[in-house]
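Take a look at these structures.
Okay, so subunit A shows up in both of these, paired with subunit B first and subunit C after.
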Partner chain A sequence: MHIPEGLLPLDQAAAWYAPAMAFLAAGLAKLKRLFKEKPDARPLVGLMGAFVFVVSLMPVPVPGLGTVSHPCGTPLAAILLGPFAAVALGAVALLLQALFFAHGGISSWGANILSMAVGGSFVGFGVYRGARRLGAGLGLAAGLGGLAGDIITYAITSFQLAWALHGQESIGATWLAAFGSFMPTQIPLAIAELFFTSGVVVFIYRRRADLLAGPETQP
Partner chain B sequence: MSGGHRHQPDGFPGQVSFLAGIDPRVKLAAAAAFLVVNLTAPTALAPAATAALMALLMLGSRTPYRRRLLMIAFPSTFAIFVIASQTVFHGGDVFATLGPFDLHRDGLFHGLFMSLRIIAGGLVIVVLGVSTPLNRLCLALKWFRAPATFVEVVLLTYRYIFDTRAQLLRMRDAQRARLGWSSARRGLGSSRMLGGSLFLEVYERGLRSAEAMRCRGAGPVVAGSLPRLGRIDKLALLAAAALAAAPALLSLSGAGL
Partner chain C sequence: MRRLAVAAIALVFIAAVLATSSKWLGTDDTVTGGLAQKAGVSQTRLLPWNLTGDLQLFVFCAGGAVAGFTIGYFWRSLFSQAGKKQRSAGHCPRQKNES
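Take a look at the complex of A and B:
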C-alpha cells in the first residue's frame, strides 16, 4: 500500500526521504556499474522495473481500513539483480505509479521507497540468502524471500501511517491497529507472492540459469 | 505491441489543452511549489484553493472521464480512510459513539483538513501526469541534473511496461481460448509457468530490440534537450509562482490562509 501525496507532514516526509535517497544513490551507482560492465543487462533491468510496476499496482481492498493491499515484486527483483539495484527499480516504479495513477505521491516517495523498495528488497534478499545457506532448495528459499519481503513492507508502512496518524493514541497501538487491519488481505497476498516468486525463479533457473548468476542460485 | 499507444497513460497530452504545450521544466517547478504550499498550509484554505485550481486544469485538459476517475480514485479512497481514522484516533470532544469507538469532533475536523490536503496533492500530481509525456518529463529531469542512470532506468522501465502488458494480454487470450479453470492447485502451478514464460518472452524480445536499437546507433542516454523557455512558458512560470506564493503572502499579512 503506497502512502498518498499530502498525508505525511513535511518534517516526516523529509525524515523518510533522507535515508531513501541514500539507498537510491547506492542503487543507481550499482546499476551504472552494471550497465558499464554488461550493456546487455539493460533489458533485464527494464523488465524487472516493469514487473515491480505491474505487480505492485494490483490493488486488493482492505476491509475496515478503507485502503488497498497489493503484492510488492521487489523481493523477486532483489533475487535476480541484487538488493541495491532492486531499490532503484522499486523507486522508479513508485515514481511512475505516482505520476500516472496518483498511486503514491511525490512528498511520500521517500517513505514508500523505504517500505516497498528498501524493506522488500533487503529483507526478501536476506531471507532468501539465509535460507539458501541453511540448505533450503532454490524454490523454497526464493518463496520465503518473497513472503518475508511482502510482510515487512506492510510492517514498515503501518509504522509510517501510525507515526503520521496516531493523534492521542500511542504509536505502538496505532501501528498494531494498522498492521492488524492489513493482515486479512496481506497474508493471502504474501502467500501468493511466495508461490509466484518461487515459481518464477525456478522457471528461470531451468530455462536461463545464466540470468541467476549469484552463488545462492546453485540448486 | 499493436495498440500499445492507444493505452499509454500519457497517450493523450498531445491532443489536450494549452497545458500540454507548456515546457515540462515549468510544470515540474510549479508542481513542486504547489506541493510544498499544500504540505505547509496551516489551515484548509490553501489546500482547498489548490484542489479547486487543479480540478479546473484537469477538467480543461480533456482527459477521458474514466481516466480522471481512475487517477483520483486512490487519493479519494485514502481521504475517506483518513477522515475515519482521525475521527477515532485524534482525540478531542466526543460527539458520538459507534460501537466500541468514540468519535471526536476535533479529529473529524483534522481528518477533513488532511483529506483535503491528500486530494489537493493528488490532483497536482494528476495534472502533471496527464499533461506531460514521459519523454519530455525525462528531458526536464535531465535539465534539473537528475542522475543519467536514473533517467535511463525510468525510460527503460516505461518501455518494458508496455512490452510486458502486450505479452500478458496475448498470453491471457491464449489461455482463455485453450483452457478452462480446473482447480486452485492447478491455477497456482500454472501461474509459475505463465509468470516465468512471460518474463522470458519479454526478456528475449527486449534483447532483440536492444540489439536493433544499437545497430541503428541509439545510445544509452536520453537523447535531445529542451529548447529555451518561450514567452508563454515564462508567463506560466510567473503565474504559478504568484499563485503558489499567495498563501504565504496572505498569511504574512494576517489573512490566515
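Take a look at the complex of A and C:
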C-alpha cells in the first residue's frame, strides 16, 4: 500500500490520481458536514486520524516468517465515521507518510489513496454492513470488515503494481505473483486487524454507544 | 483475567519475534522491489530531503510520539470520567468558543 516514487508510469499515476482526488474531495466535504452537524464528533475524528496514521506506518513483525508489513486502520475508521470520512483521514495519513517518513510517494499518492483509503474503507465498511444485515453480531461484523479491508488493500496494490510492472508477462499472472507474495505476511496481520477492529468497536459500543449512532454507522 | 490473557499473548508474540532469525525486511520492499527489479525500473526521489542514519529513527519516534499523544488526548475526552464531565458541560476539544 506504500508504492514508492518512480515505479508507476506518469500516465498510470495520473489515472489513479483522478478518482482518488474525487474521493478525497467527497471525504473532505463529508467531514465538513459532520463537523457542522455534530461538533462533538471532532474528538473521534482526531483520534481516528492519528490512529490511521500510526497504524498504517507501523511495521508489524510476523514471527516465523521474519518479515514485516503494515495494517491499514481504515476499515475501523470507516465503521466508526463512515467510508468517505475515512478516505479523507487515510489520504492525509498517506500524504504525511510520503512527505516525512519515506513511505509511499507523491506521484504514487493517488494510487496509494485508492488502495488503502478507498479500498480499505469501502470494502471494510461494506463487509461490516453486509454482515450485520445477515445477522452477524457487532464484534464479528466489525472484525470481518477489518479483515476484508486489509486484504483488499493489498489486492488493489498488487493490481497497481502488476499493471505498471508486468513487462512481457500478462497483468493477471503478475497480479497473482504479487498478491501471492504479499499474502503470507499479510494474512496474519489481517487476522490481527480482525481482532483489533472487533475489540475496539465492541469496546466503544459498551462505553459510548452514542458514537455508533450516526446514520452510516448504525450497528 | 482478561488482562493476564492479553499480557500472555503479548509475551508469546515478543518471544516468537525474538526467536525468529531474520533481516525483517518489509513486504513493501521485498515484493515491490522484486517486481521493479524484474521490470528494470527503480525508485526515484521527488523530495529534496532524505532520511539517512539515525535521522529516520528520530523521525519515526517523533511521529509515533505525536500520534500517541494525540490519541491519548482525544481518548481522554471521549472515554474518561473527566471527559464525561466536560461533555455534559457542553465542552468538546478544539471547539471554538462562540461567545
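One rule holds for everything that comes next: the second predicted complex is superposed on the first by the 203 of 219 C-alpha atoms of A that agree within 3 Å, B and C clash if a C-alpha of one lies under 4 Å from a C-alpha of the other, contacts with A are read in each partner's own complex, and residues count from 1 in each chain.
Criterion: a contact is a pair of C-beta atoms (placed from the backbone, for glycine too) under 8 Å apart; a residue touches a chain by one contact, two chains touch by 3 or more.
Only a predicted model underlies this, so the values are computations on that prediction, with no experimental measurement involved.
Asker: Would subunit B and subunit C fit next to each other on subunit A once aligned, or clash?
Answerer: clash
Asker: Per the contact definition in the header, classify A:A102: touching subunit B only (first), subunit C only (second), both, or neither.
Answerer: both
Asker: Which partner does A:S69 contact after superposing on A: first (subunit B), second (subunit C), both, neither?
Answerer: Once the two structures are laid over each other on A, A:S69 reaches subunit C alone.
Asker: Could you look at A:V200 and tell me whether it touches subunit B, subunit C, both or neither (first, second, both, neither)?
Answerer: After superposition on chain A, A:V200 lies in contact with subunit B alone.
Asker: Once the shared chain is lined up, is A:L31 touching subunit B (first), subunit C (second), both, or neither of them?
Answerer: A:L31 sits against subunit B, while subunit C stays out of touch.
Asker: Does subunit B (first) or subunit C (second) touch A:A50, or do both, or does neither?
Answerer: In the superposed model, A:A50 contacts both subunit B and subunit C.
Asker: A:F182 in the overlay: touching subunit B, subunit C, both, or neither? Say first, second, both or neither.
Answerer: second
Asker: Kindly classify A:G167 by the partners it touches after superposition: subunit B alone (first), subunit C alone (second), both, or neither?
Answerer: Both partners, subunit B and subunit C.
Asker: Pick one for A:G110: touches subunit B only (first), subunit C only (second), both, or neither.
Answerer: So A:G110 meets neither subunit B nor subunit C here.
Asker: Using the superposition on chain A described above, determine whether A:G143 touches subunit B (first), subunit C (second), both, or neither.
Answerer: So A:G143 meets neither subunit B nor subunit C here.
Asker: Considering only the stretches 109-117, 145-153 or 235-243 of subunit B, report the one that runs into subunit C.
Answerer: In the superposition, subunit C collides with subunit B along 109-117.
Asker: Which residues would you name on subunit A as touching subunit B in one complex and subunit C in the other?
Answerer: Residues 2, 4-7, 39-40, 42-44, 46-47, 49-51, 53-54, 59, 65-68, 96, 99-103, 105-107, 165-167, 174, 207-208, 211, which sit in both footprints.
Asker: Can you list the residues on subunit B that touch subunit A in the complex?
Answerer: The touching residues are 9-10, 31-32, 35-36, 38-40, 47, 70-72, 74-75, 77-78, 80-82, 84-86, 89-91, 107, 110, 114, 117-122, 124-126, 128-129, 134, 137, 147, 149-150, 152-154, 156-161, 163-165, 168, 188, 191-193, 195-197, 199-200, 202-203, 206-207, 209-210, 220.
Asker: Going by the contact rule set out above, which residues of subunit A touch subunit C in the complex?
Answerer: 1-7, 39-40, 42-44, 46-47, 49-51, 53-54, 57-59, 61, 63-70, 96, 99-103, 105-107, 161-162, 164-167, 174, 177-178, 181-182, 185-186, 207-208, 211
Asker: Help me check something: in the complex, which residues belonging to subunit C touch subunit A?
Answerer: Checking each residue of subunit C against subunit A gives 13, 16-17, 19-28, 30-32, 34-36, 38-47, 50-51, 56, 59-60, 63-64, 66-68, 70-71, 73-75, 77-79, 83, 87, 92-95.
Asker: Write out the stretch or stretches of subunit A touching subunit B in their complex.
Answerer: Going through subunit A, the ones touching subunit B are 2, 4-7, 9-10, 13, 24-25, 28, 31-32, 35, 39-40, 42-47, 49-51, 53-54, 59, 65-68, 88-89, 92-93, 95-96, 98-103, 105-107, 165-169, 174, 195-196, 198-200, 202-204, 207-208, 211.
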